[in-house]
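The data blocks that follow each hold one structure.
Common to both upcoming complexes is subunit A, partnered first by subunit B, then by subunit C.
Moving on to the complex of A and B:
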């Protein structure tokens, strides 16, 4: 009989894994358990197997929320990466003013989303806000920025760009600093122009960094809640009822259908995981990791 | 001799203690001579009171030190934004955590109905029974007000089997405010007469309301006919439901809980709401209570439909730029008024009977005739009839007094549908908001609301399949 091998490493990784299981696995399993019940507070709960999932998948508002959430996440994260790349290029030089601009550019990112939304709520106010006042000076009629179906999405889009493009700028700038200078020196000797260097050197070399930035923004954008909660509460009508807000409203915000909310949360998890996994696999290939 | 002196001292000391603090069990709170529940045995107790961030709470705050001094009960106030209040309370009550000894019931009676039907708050009858008669619950709280804070709810008067579960510290209905200067302007009168064929005056019917709103809508001058809420929140419901009742509609059949939102009356009311929305300042679709009141206060709307307690904001200095030019009265065409109030109930999961008694002491103190009178003079909108009838207060706070009188005489409880009143409101609001945004029309909104609320009531067991 072979003697049992001592596993001292378990003593080191055990507590951390236990903690992780407690804070990650337990809520997930609890949510999965809840999703199998019809539990509309304050009424007693009933086990209904996958009934909540069937209800969600047949609910047009759920699918609408899924569509607009995906659309929102892709549109904002791509736009922020493109814009962030451009701004980072502009800031990737040495000058006193550029240093100041680099410091200022991160200010929006530091604000909490709720504060940002409150601030923009005031800016967009149709009668008292400065935006309509400024447009009025130019002879442009006032707009109902976040209550008009025609302008609500661009208004939200602008807030997100304003707040989160700086995040991409910071990531891309750190990537730009890390690029090898000898490659550019060779390109200069070969007579490559600025545009050519950007397309043929900077972009390929930066692509892993851009992919990471895109991944992080995509995950964050899928979870948009605060801005919607403060600014539109899903309105006008149900136009901006993104999935996280829909789950909140049905689960605890208004309807207290806890089981139904839990089932949609898990569907949301799957929805968010698929593109993220694809991007992670892509990033692994780009970075040459196994 | 020494023994005799010692016995005498003990007897004297005993008497002194008995006079200073009545022994537990012999003290009768009903005979305390106060107009609230007072028990010196509760001295040193500590209670947690959850309240919403708003005017009702602000009016109570100055009296908390007086309560603590008078009773020796320590009060911890936990203020939560109104939008998040119910969510926090429900989570605490559902989990039986007992973090709050006193919970706030909002949207009375939806809040009361939800908490009481779930068995989360204590019936107040035993507490009222041991409170001095001068508290005068039965005689000084109007039947509509008592109905909105009792459960079960079957209209007015309060049914015999219903028990009170909360007391409203802030009671309100909507009132109609208008610009007196505009409605009495001779030039405006002549122009109105010419256009509509009848004299301009304070509108008394829904048709007149629409005409006057249309008449004063002048976007080029930045002036609009009327302001009221259009954002997707419960304030939208609070306006719309008055039109529903004005057009002869009901939310549901009180006999069997069958929703009646697809009726011609409900559709007409919704069409009227949407028609009137065309005469509101820009941003109607996102206008909640502050925006709607502010538009009137800034002189951008000729009329408004506001909560009584916001009259000071809409029509008085320093907040209002139209102060001195504002008239008020009943909502044109209204047959009933939504009784909305913010109340307080005792959590069933409060940690001990002593805490529950201390909680009742706090509630009854704040609702006592003495404190209510003072609060009303400060601008609170309280529920007591004796306070509403007080001439000195009526002269100082006429609009708030009208609001209270309307609640007492024409009040109707807010969506008291068991545990699903708030959900009912949310369904109606969501569908109305779709109509406001142009995603559907009045008929489509009501058909959809009818279908969803029928499902809601069926699932809740209120409506038989």
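Moving on to the complex of A and C:
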């Protein structure tokens, strides 16, 4: 804007960019370099070109991890958007009590994920937990919620829904607030019912906001680690070994195959980039990038 | 939770929250509003039952915590909390609490020191490849943390920083930075450009304008950003898990060691959970107004 100096912005944005490059770009390059070696600590390092990638891409467990991670991310984010949209509709009124409820429903998402997972682990506890107790009152037999292959996914799913549906609620409520009021007024004049107003007006007008909420949740859900670490550690067997946990276990948590872990990290990065690129292209304006 | 039962009005209402439709009126409530209220109650019960249970267990004695069916009438005790605030075999709780707080505060200060000027640079100046630079900063936010732990481990080992608070501070500051830049940019954009121009015309440097003109106006924004940033650090787990041992261990990592023991003492697990919750709830209360802006920036994940 002001041609006093050639590039005045550099002094301001330079340090932040430099720091980020140092702390993120460097590790990425180092990961790329590591991924070309077979390095199973404490044994010496061997250069094996793309051998680690070949191993990963031929390993059924790696593909299983990819599949369940994707499945998990899609299922949780879609469910949270649908449920969040519904709850936001309930809260889209103006009364003192609804305002109070609005500030209360946000509580789960600020809690430490590790703490949330521990809390639910107690609720699911087969011998002490309130869930089996409550079901017992209804005459339903106790279950081993998170160690039984039949119930482990629903158990994890419920925790994610509990913690992250409020995220969608907040975003949808702000989206509802920004909707133009005149279309609703003319719909009222035309005598449209609330059901048809929801389907014909609210949903179409809100769809950009819903898409952004969905993508934001999708990007975050792909990273799931804390809940898995606290509840299942990838188990029973390797049933819930999502990508983050698989990389952790192979790379640093148990096996110390750092080269192999590094190669899977880069594959994970490629996978995780897809929804991020879609998100940024779709939400360019909202993210201030245009 | 059918959305059809909801109050139909989505329009912004006049000031003072005056109701426009029958469903909003205190008396003579519409049938759908009653159903919606029941739905809200159900959502709140669902939200707070686990938290209530955690709190209840945290004030039980070890014996009561292991009772089944669960006891609702018991003599409350602060035993579990007392243990969590002192050293005991294998656990150095005061150190973990200090680590978590110190890392949260210091990494936030560092990310603000780097991020505020950057946010100012992005709002104040127009330059080529601005979108690309912003995209680059923002994309860091979306990286799965687990893919950075292997290289960061070696980096910190090379710098002799494994199991130090410094390592966590350096990494967390980078993780918070994209968020600080993005959210502060929004706050700075709300400051009238004429004020800055006037200061610069009067001979102030850009840095002076930022410090004396823009920042005082944007102070609430800075506070909200700092709180968000501390929340990120307080809640972080995978990086702390890999980079710390006993010395720099943070609360989430220490908490997971409690459930790795052969016998899990649920009274203490619950008390840890409740104590860890306190700062997050406080922050949630303080930042409510800015929540939407923070969420989209990835303030909370």
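Please note the rule applied: the second predicted complex is superposed on the first by the 260 of 290 C-alpha atoms of A that agree within 3 Å, B and C clash if a C-alpha of one lies under 4 Å from a C-alpha of the other, contacts with A are read in each partner's own complex, and residues count from 1 in each chain.
As a working rule, a residue touches a chain if its C-beta (ideal position, glycine included) is under 8 Å from a C-beta of that chain, and two chains touch if they have at least 3 such contacts.
The structure displayed is predicted, hence computed values, not measured ones.
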item: Which superposed partner A:167 touches (first subunit B, second subunit C, both, neither); value: second
item: First (subunit B), second (subunit C), both or neither touched by A:41; value: first
item: Subunit B versus subunit C as contact partner of A:216, first or second or both or neither; value: second
item: Which of subunit B and subunit C A:208 touches, first, second, both or neither; value: neither
item: Touching partner for A:142 - first (subunit B), second (subunit C), both, neither; value: first
item: Which superposed partner A:225 touches (first subunit B, second subunit C, both, neither); value: second
item: Residue contacts with subunit A in the superposition, subunit B compared against subunit C; value: C
item: Touched partner set for A:123, first subunit B, second subunit C, both or neither; value: second
item: Partner chain(s) touched by A:179 [first = subunit B, second = subunit C, both, neither]; value: second
item: Which superposed partner A:236 touches (first subunit B, second subunit C, both, neither); value: first
item: Residues of subunit A at both interfaces, subunit B in one complex, subunit C in the other; value: 125, 127-128, 252
item: Residues on subunit B engaged by subunit A in the complex (per definition of touch); value: 87, 90-91, 94, 114, 117-118, 120, 230-233, 281-287, 291, 294-295, 298, 300, 419-420, 422-423, 426, 430, 433-440, 459-461
item: Residue numbers on subunit A that touch subunit C, as the complex places them; value: 1-2, 7-13, 15-17, 19-20, 22-24, 26-28, 30-31, 34, 83, 85-87, 89-99, 101, 103-116, 118-123, 125, 127-128, 130, 133, 136, 162, 166-167, 170-171, 174, 176-177, 179-181, 184-185, 193-195, 197-198, 201-202, 212, 216, 219-220, 222-223, 225-226, 229-230, 243-244, 247-248, 251-252, 258, 261-262, 265-266, 268-269, 272, 276, 279-280, 286-290
item: In the complex with subunit A, residue positions of subunit C that touch it; value: 1-13, 17-19, 23-24, 26, 32-33, 36-37, 39-40, 43-44, 46-48, 50-51, 53-54, 57, 65-66, 68-70, 114-115, 117-118, 120-122, 124-127, 131, 133-140, 142-155, 170-171, 173-174, 177-178, 181-182, 185-186, 200, 206, 231, 234-235, 237-238, 241-242, 251-252, 255-256, 259, 266, 269-270, 272-273, 276-277, 280-281, 283-285, 288, 291-292, 295-296, 298, 300-301
item: Residues on subunit A engaged by subunit B in the complex (per definition of touch); value: 40-43, 125-128, 132, 142-144, 146-149, 232-239, 249, 252-256
